[in-house]
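In what comes next, chain A is part of two complexes: it sits with chain B in the first one and with chain C in the second one.
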Partner chain A sequence: MQPTITKEEIMQVYPKVAATMADALGCDVEDIVLDVSLIEGLDAESIDFLDMVFRLERAFKIKIPRGKIIDNARGDLTEAEFEQKGVLTPVGLAQLKAYLSEVPAERFREPMKVADIARLFTPETFCKLVIMAQRETKTA
Partner chain B sequence: MSGHFAAFSFVDRITAYAPGQHAHGVFDVPKTIAAFPSCFVAEAVGQLAAWVAMAHVGFRVRPVAALAVETRFLQDVIPGSALELAVALDSCDDAAVAYSGHACVNGSTVIELQDCLGPMLDIEQFDAPEVMRDRFELLCGAGATPGRFQGVATTQLVVTAEAPGQSLRATLRVPNEAPFFADHFPRRPVYPATLLLDRQIELALRLAGAASDWHAGESIALVRMTNVKMRAFIEPGDELELAADMAPPIGETATIALSARTGKRQVATAQVEIERRQDR
Partner chain C sequence: MLDSGLAGRTAIVTGGSRGIGRAIVELLAAEGVDVTFFFRDNVAAADAVVAGGAARGARIASDQVDIRNAQACAAAVGRVADRCGRIDILVNNAGMIRDNQLAAFADEDVQIVLDTNVGGVFNVTRAVVPHMIVQRAGKIVNVSSVAGEKGGRGQTNYAASKGAINAFTRSLAVELAPRKITVNGVAPGVIETEMSQPVRDLAGDDVLARILLKRYGKAEEVAYAVWFLTSRFADYVTGEVFNVDGGFKME
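What follows is the complex of A and B.
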């Protein structure tokens, strides 16, 4: 079961997330539209993801463990339920689609490799990451 | 003599150490070398952080230079100086180390690094873990013999295009062989990011120096470098295309965007701020 994140919550953090991501990617903040693919649309590389998470931690005063997006997507599934040998199980893929509900269905490959999940990420994915981390900070 | 722990190593001794948290160290800049650029001072701080990080994760992985949000250059360091290094780790795990640090000479801060991040990679790619562990114990104990560093031959820039006060383009051919490759790193030679940054700073100073209507004959000095991002390793023999683009100066400060590419691949980006000064 994925926790609910409302559009209002996303729009609340989005301006600061967009500004932070624009700094990390060296692009204009106007380029950080909510549903752009970070890899295919903004040429983000793995170092940019590390940079974005690093900056978001500081901007929002939160802690985001590495690999947290996939952990969040996995939810309460075990690793074996979520993926087998680097490929998502049908249950894992359904769970990922539910977590990345903002990503159009046609962008999910079948079979889907864990290594390809980052290709789906958008600024909205990072807004959700921040919101989840804020919730965890509040409950800690 | 092997260049390992000599040709590009800038920590002689770790004088205080709280595992996974912070450390102090020293490095005696040899009197015999011609110069010790500020980027080497930053490298020294980064290397101290790397030792603390590697020890914290049991020498399974090691950090490599990737991100530095802000570096402030406060004073030049001359050969013969005793560098006092300090680092504080914000976080450290098998994925990345985040740290800040500074270096002092005679109690005065010469450089400050804020919010640096190095991804951790399998140490076996770069060096023998047991050799690194033994070296760390030596640094934490008696320390290494000072004076090992013999300087680095400058890699010359070849300017390919120039719009004075606006932009500069240059090529930088990384040597196929150099003593520092034996140290950085023994199993995988990589052109040090700080050497690239040193060359990029030279390009930026040359560009700002050509903006004669801005500095009007006053001296100029590097004061700050921000948003350093290394995207890929630079290999021996690589030919880099360097770019420096200067925004219209505001008051005393000129900001210059720097980038380096190998072919179509952007390998590094950064920004520097240069100030004009009457007193230098």
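What follows is the complex of A and C.
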């Protein structure tokens, strides 16, 4: 089961997430639209993802465990149910699509490699990450 | 006067209470760097370094940290970041030897050297790098050893740890270059410190015969190389391991 995150919750954190991501990427905050692919649309590199995570942790006073996006996406599935030899299983792909519901369907490739998942990430993905981390902080 | 660009920077130096680390701490502090050094157990030696800094009007602070403990490192680095607002320089200097013939090692002789010399570098660097990535600037210098490249009897554990540091230095330089963070190493030869005393006592003549300059190095002479690599003069140097060894020959 994927936890539900409402559009309202996302719009609540989005302005601060966008400002933080713009700082990390060195781009204008207007470029951080909710559904742009960070890698393909904004030329983000892997170190930029770390930069964004560190900045979001500071800005929201949360802790985002490393590698959390993929873990969140995997949900209740075991690793073997989710992927085989670096390629998502049909069940895994369905799960990923459900988790990354903000990403347009045509951006998912088939077969989808685990290594390519990051290419799908958008600012909305990071909004969700922040919200999940906030929830964990509250329950902790 | 040339301006090294170091004044007003903040630095963490591990293993700063004695030997090479102390010389690094004192040189950087003399250059106007706000230095916090980590030390493991010698409180008296650490206090002396801090008091000496205060007497000279330098900014030197100490923090007792076992760098083998990742959580302790994260907490200590967090304290420096909270106090100073940023971390410009990291010198991974802390290291130890536990020399013996390989076949005579106890399990602990291997583990403690690797945990300190390699694990400690990972623990402290992992805590510092997020700050440098966000700053888009930083200089990391790892104190390696001539033993990382050249063979020495009774030093398989130490040599392996320092070879690892050289490899670590090169890989991290690649990783952090997009954020203009430089990562370099300094590889001292035999330096007149407490740590090298047993080696010098045991094999002094053999060791001196291999040093072109026919003398041991001084801790300050290593510190000058670290100073260079942390200064703005080395902005275009990364992924290098710089030998300060008096011309140590391979047999």
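Keep this in mind: the second predicted complex is superposed on the first by the 140 of 140 C-alpha atoms of A that agree within 3 Å, B and C clash if a C-alpha of one lies under 4 Å from a C-alpha of the other, contacts with A are read in each partner's own complex, and residues count from 1 in each chain.
Convention: a residue touches a chain if its C-beta (ideal position, glycine included) is under 8 Å from a C-beta of that chain, and two chains touch if they have at least 3 such contacts.
Note that this is a predicted model, so its numbers are computed, not measured.
Undergrad: Which partner, once the models are overlaid, touches more of chain A's residues, chain C or chain B?
TA: B
Undergrad: Could you look at A:Leu50 and tell me whether it touches chain B, chain C, both or neither (first, second, both, neither)?
TA: After superposing on A, A:Leu50 lies in contact with both chain B and chain C.
Undergrad: Quick check on my understanding: which residues of chain A belong to both its chain B contact set and its chain C contact set?
TA: 45, 47, 50-51, 54-55, 58
Undergrad: Sort out for me which residues of chain B touch chain A in the complex.
TA: 66-67, 69, 91, 93, 95-96, 98, 115, 117, 119, 227, 229-231, 269
Undergrad: For chain A, which residues count as touching chain C in their complex?
TA: 24, 45, 47, 50-51, 54-55, 58
Undergrad: Under the touch definition given earlier, write down the residues of chain A that touch chain B in their complex.
TA: The touching residues are 23, 26, 45, 47, 50-51, 54-55, 58, 63, 66-67.
Undergrad: In the complex of these two chains, what residues of chain C are touching chain A?
TA: Counting only chain C, the residues touching chain A are 130, 133-134, 175-176, 178-179.
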